[in-house]
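Letters are used for the chains, namely A, B, C, D and E, taken in the order the chains are written, and counting of residues starts over at 1 for each.
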Amino acid sequence: MRLVAERIGHGYGALDVLSDISFSVADGEIVAVVGPSGCGKSTLLRILGGLERPRAGRALIEGTAPPGSLNPITFVFQDFALLPWRTVAGNVALVLEDRPLAAAERREMVAGALARMGLADFADAYPKQLSGGMRQRVGLARALVVRPAVLLMDEPLSALDAQTRELLMDDLTGLLAAERFAGVYVTHNLGEAVRLARRILVMSRRPGRVRSVVEIARPIAGRSAGDAELAAAAQAIWESLREEAVAADRELADG
Amino acid sequence: MAEPVPFRGGGFQPRARRLVAVATLAVLVAGWSLASRAGWVSPIALPPPEEVATALVRLARSGELARHLAASLSRLVSGFALGAGAGVVVGLAIGLVSLARSAGMPVIAALFPIPKIALLPLFVVWFGIGEASKVATIAFGAFFPMAVATYGGVDGVDRTLIRMAQSFGLPTLSIVRKVVLPGALPAMLSGTRIAAAIAIILIVAAEMIGANEGIGAFILAAGNLMQTDQLVAGVVVLSVLGLTVSGLIGAAESVLLRWRR
Amino acid sequence: AQETVVAGALRFVSNGALFVAIEKGFFKEEGLEVELRFFQAAQPIAVAVVSGDIDVGMTAFTGGFYNLAGKGGLKVIAAQAREKKGYEGNAVLVSNAAFAKGFRKIEDFPGHSLGITQVGSSFHYQIGQLARIKGFDLKRVELKPLQSLPAMAAALKTNQVDALIIAPHIAKGLAAAGDAHLIGWYSDFDEYQFGALFTSPKMIEARRATLEKFVRAYQKGAGEFASAMLRLDGAGKRVFDPAAADPIAGMIAKYVYPSDPPAEGTRKVKGATFYVDAQARLDVGDIHGQVAWYKSQGMVDAAVDPKAFIDLGFVKGHTNVPR
Amino acid sequence: MAEPVPFRGGGFQPRARRLVAVATLAVLVAGWSLASRAGWVSPIALPPPEEVATALVRLARSGELARHLAASLSRLVSGFALGAGAGVVVGLAIGLVSLARSAGMPVIAALFPIPKIALLPLFVVWFGIGEASKVATIAFGAFFPMAVATYGGVDGVDRTLIRMAQSFGLPTLSIVRKVVLPGALPAMLSGTRIAAAIAIILIVAAEMIGANEGIGAFILAAGNLMQTDQLVAGVVVLSVLGLTVSGLIGAAESVLLRWRR
Amino acid sequence: MRLVAERIGHGYGALDVLSDISFSVADGEIVAVVGPSGCGKSTLLRILGGLERPRAGRALIEGTAPPGSLNPITFVFQDFALLPWRTVAGNVALVLEDRPLAAAERREMVAGALARMGLADFADAYPKQLSGGMRQRVGLARALVVRPAVLLMDEPLSALDAQTRELLMDDLTGLLAAERFAGVYVTHNLGEAVRLARRILVMSRRPGRVRSVVEIARPIAGRSAGDAELAAAAQAIWESLREEAVAADRELADG
């Protein structure tokens, strides 16, 4: 199954946000999207996931979803999007409750997803009791439990502190390498982009266009935090982005 | 040559101390009693607290208090249930459906500021002089704050939670039940607090029409007869009722909203 | 089986004829069971008759009553109390402070304040009539609606209003205690049909025979009340023959002062007695006059026609009927 | 073989459309008029809207409306100023000073739920039947919500802003003036909204005793006379007054709170 | 002027937060403080700045503050702590208003501080109109305007996105190199610590103690983002912290 963006354009009122974005995500491939603040990365992801209708172009699914996938295109959110009134297990169970599954099977699926994210001991905890890292692990468990084909991740680590981010990055690379999910990974952090992605889409300022696409051929499993080659790739992207990042930073919101 | 870093923090965190609170109330009552006994306050203007206490005890002993409370509480409960129930339904509709919002908001805005006492003569014509008009007065009072709080609560539900639920393909009804309603619950509970306070306040107005029993009727009769000791006793009962209901809602909150802070 | 009639009234001595008729069993004799509903205020009684909550009601006339009647909801069928020359009725009281400053007679009203219960009440009407008779401008009297009789008494005692027109027992009590000065009786200046027994058009249509029985029994009560309570001596002053008056007053006291000991209640009833026509006949002309005055003040709608809401068919011999 | 990603977003963002709002009110009034004319609603229960409009026009033409409004507004303004002013002062004290908090909170909690109509007879004894008792009734009603909103607002001021000010050595008075007060302003303005609504609602109660002029007195008189057209006209005036005041506060908010969203 | 922490210990109720912390910050020296979540870093900083009274030990100033310093010990806050109802200039002026300064002098000082942070064009903007990076620049301008001797910075960049953080890091290193402020820099981000600090205090889990002190001799001016030596130092600290970070991450808040 491939996820294809076909000449997607979008805007809000008079504000043009995205313009003519085309790319595709193949089976098991991670595409990172980077770009300055407000260039429409989150909007693009919402369009890809069917949460927003684009003004122009369209998002397509090519091929069929793998059998057993309950929710082929699944989001992971920046702010975790956990229901605070449900326990960890309840939050994961939420997305299975309206599916035709036997209660026992559902329980088993939830327990399996929690175990895979190291959350087995936290099944009955409420989100507020968890650290940020654990909360995002719940978000990942919830995404895994529906057996997705493509994960759409909107800055999944940016709400975490640097050390926790490091820990989750390890978990995430492990997961993506083991499961062969496809994914679109939006981030500001070029270090994350070069560690996870096969291709990096560098976007321009609003209205966001694809400025360049950087390919990184090395398998994810072999990449590590202190890798000089990756650092150089990140540095190169940064040089190309810097000016636009400065401009985005100095932009005044009207109001 | 080394001196400590000057302290410049602290403060701006006043704490309510229970002891001082109790002491304050005690001092107030004692001062009131003293002023009455010294003759600074005429018993018509404010009966001494002992007389109020005596009136209360007499009221309780004779079973009158129970009778009046029972009458008022039954009106309160049914009026509140009707009004608040309708308020939740209308509030949900306004919070979820564009048409209901467009139609409901202006009507609520126009009717909310109308004092219920002004409508009493019409209520009597509409609902008669029996229980119905009293229950309707209370229901009418409880309806608006509940409706406003409910749609405010629905508006306040984190949209990313709703988008999350949609992105996992949850059906709309499930989203309303599992995301919107629990998310609006805190606001609805504080709406309940206000609606209950208004319902208690309206007891007196509701019992202005043709009521022989009820705390409100009792207070009105005492006021008409200038029996200030009984009047204040009745007011004390209402105040205690208000505090009790507010305490109950607080307890409900701490159970239902365990997941918060 | 007995037929039930639901009657609404205030616990006032002016409804004495009804209470006597019940106590004496006149309704039972007619085969009627009267179920009494007591109210706190006059207005809801009229509304309750309109809405069918009760079958008949008895209260004083007010502007609100006439407006309801004019909209077709009420039919007046027999008399309640009335102000009659030679009998005590409402009295005019002046506060001590106003009295000291020279408020001694009705003509002194202009420039002073008068406490009333509500706009359009019988007290409002009575000051209007006094103004008409004495020829002063009603606008020069400051009317203060105070909602209840005790509030009126309290306001007079504390000199917050200059005058009241108020029921005899309250007036005499205040004057006797030195809290105010009684400067005249309303009945010295004018006669006035105070109130009525009324029902709804629907009731007349559906249960005319029952109503006729009810009125018959009520008239008997009025006759008993009048003969026992309204005796005049040779000088035209009212006297109570204890043998005749006390049993009747005692019956009324059971309804009006239920929480007082019987002797005390009997005494109070005697002090509060109004004139009641022995056959419960209405002063129909006065009602027309009342409506006309309320209309002139803008308190009753121009379309209200007394002819339409008085049913002359239940009592024979109504007085002063306009052509 | 390529199919579009299924759309599953949207919704849960009801918009109030002004046109529908106006249409709703128009339909309601038209239906009311129709029901009256068809005789489904007796004129005793609810006068037809035309009559209410006529009554309003007559009221306005004769200058009576202006007279009643002037009387009520002067009571409203002075009562509100007194009550809300005292509420702000007490609320600030409770929000800043431990002793005031300990002493003030229980007193407010006990007195808040008391219906003001119940106290009317006492107010008359305390303040007479003149303007004072009416102003006091309104002031009493406005005081509590304002005090509660003010200390709530002070409690809600971001403590890091206060610690920031302390860390730069700002004197306490400056912190109160420049950090606490502006920070509490949004809550105080919504308290003003509630206090104003309560003040308007209390006009009718305040004008029950000894008032010849004022919208409340007018409504009460109309109720006594069963002149339902005038009654409803008076209620409409109060409703419009409530909407106006709420609009004014909204305007004040959008000026004073420009710095927010 | 030296800032000295002398055997500082602290706690809240039954919770011990800090235990026996001693170190000093010499003139012009930046000390970074790193450690797992909840180990008491922010508490330590508040005690050093006189906003909290320690249960044990004390914070001392040795020597005198440089002449002309209005507020020798000055904070920079993680969440910027700007008054939303004041403009950029108003926020900076706030901290001068209660000082005995002529109006003209005050205006000049404010303008100078804004200019130094590149905020001259934003003087009349409200905080909500600014990007996160610009907001923290206002926070820095406000700190500069009182001519501090020691800056106490509590994760000043952690609320910013990765690209903005990169831009502000450049500003900050420039500033600290040029002005020779002393500073205590609390952070979760080891990369930041190794780029800015002469000494890095590595703290243990709560109750926080000093586990080790890492010295980095190279002058700040010569350090850069892609430096391998610094990356190795950061990696070494991370190895020593990792286990504690994992434990902190898996901690359940009671509630």
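We take it that contacts are C-beta pairs under 8 Å (C-beta built on N, C-alpha and C of every residue); 3 or more make two chains touch, one makes a residue touch a chain.
It should be emphasised that the depicted structure is a prediction, and the values quoted were computed from it without experimental measurement.
The chains that touch both subunit A and subunit B are D, E.
Of all chains, C has its CA centroid at the greatest distance from the CA centroid of subunit E. Interface comparison, A-D against C-D: more C-beta pairs in contact at C-D.
Our note on geometry: subunit B versus subunit C, Cα centroid distance of 41 Å, whole angstroms. The mean-CA centres of subunit D and subunit E are about 47 angstrom from one another, to the nearest whole unit. In subunit B, 8-9, 121, 125, 163, 166-167, 169, 220, 223-224, 226, 261 are the positions where the chain touches two or more neighbouring chains simultaneously.
For subunit C, residues touching at least two other chains, in rising order: 43, 50, 151, 154.
Taken residue by residue, subunit A touches two or more other chains at 46, 49-51, 73, 126, 128, 255, whereas all remaining positions touch fewer.
Applying the touch definition to every pair of chains gives A-B, A-D, A-E, B-C, B-D, B-E, C-D, D-E.
Interface of subunit B with subunit D (complex): residues 8-9, 11-22, 24-25, 28, 44-46, 94-103, 105-107, 109-122, 125-126, 159, 162-163, 166-167, 169, 172, 175, 180, 197, 200-205, 216, 219-220, 223-224, 226, 228, 231-232, 234-235, 238-239, 241-243, 246. Residue ranges on subunit B touching subunit A, taken from their complex, read 158, 160-161, 163-171, 174, 178-179, 182-183, 185, 258-261.
If you check the complex, the residues on subunit B that touch subunit E are 1-10, 261. Within the complex formed with subunit C, the subunit D residues making contact are 42-44, 121, 124-125, 128-130, 208-212, 217, 220-221, 223-227.
By the touch criterion stated above, subunit A contacts subunit B in their complex at residues 46, 49-51, 70-71, 73-75, 77, 79, 81, 83-86, 94-95, 97-98, 126-128, 142, 146.
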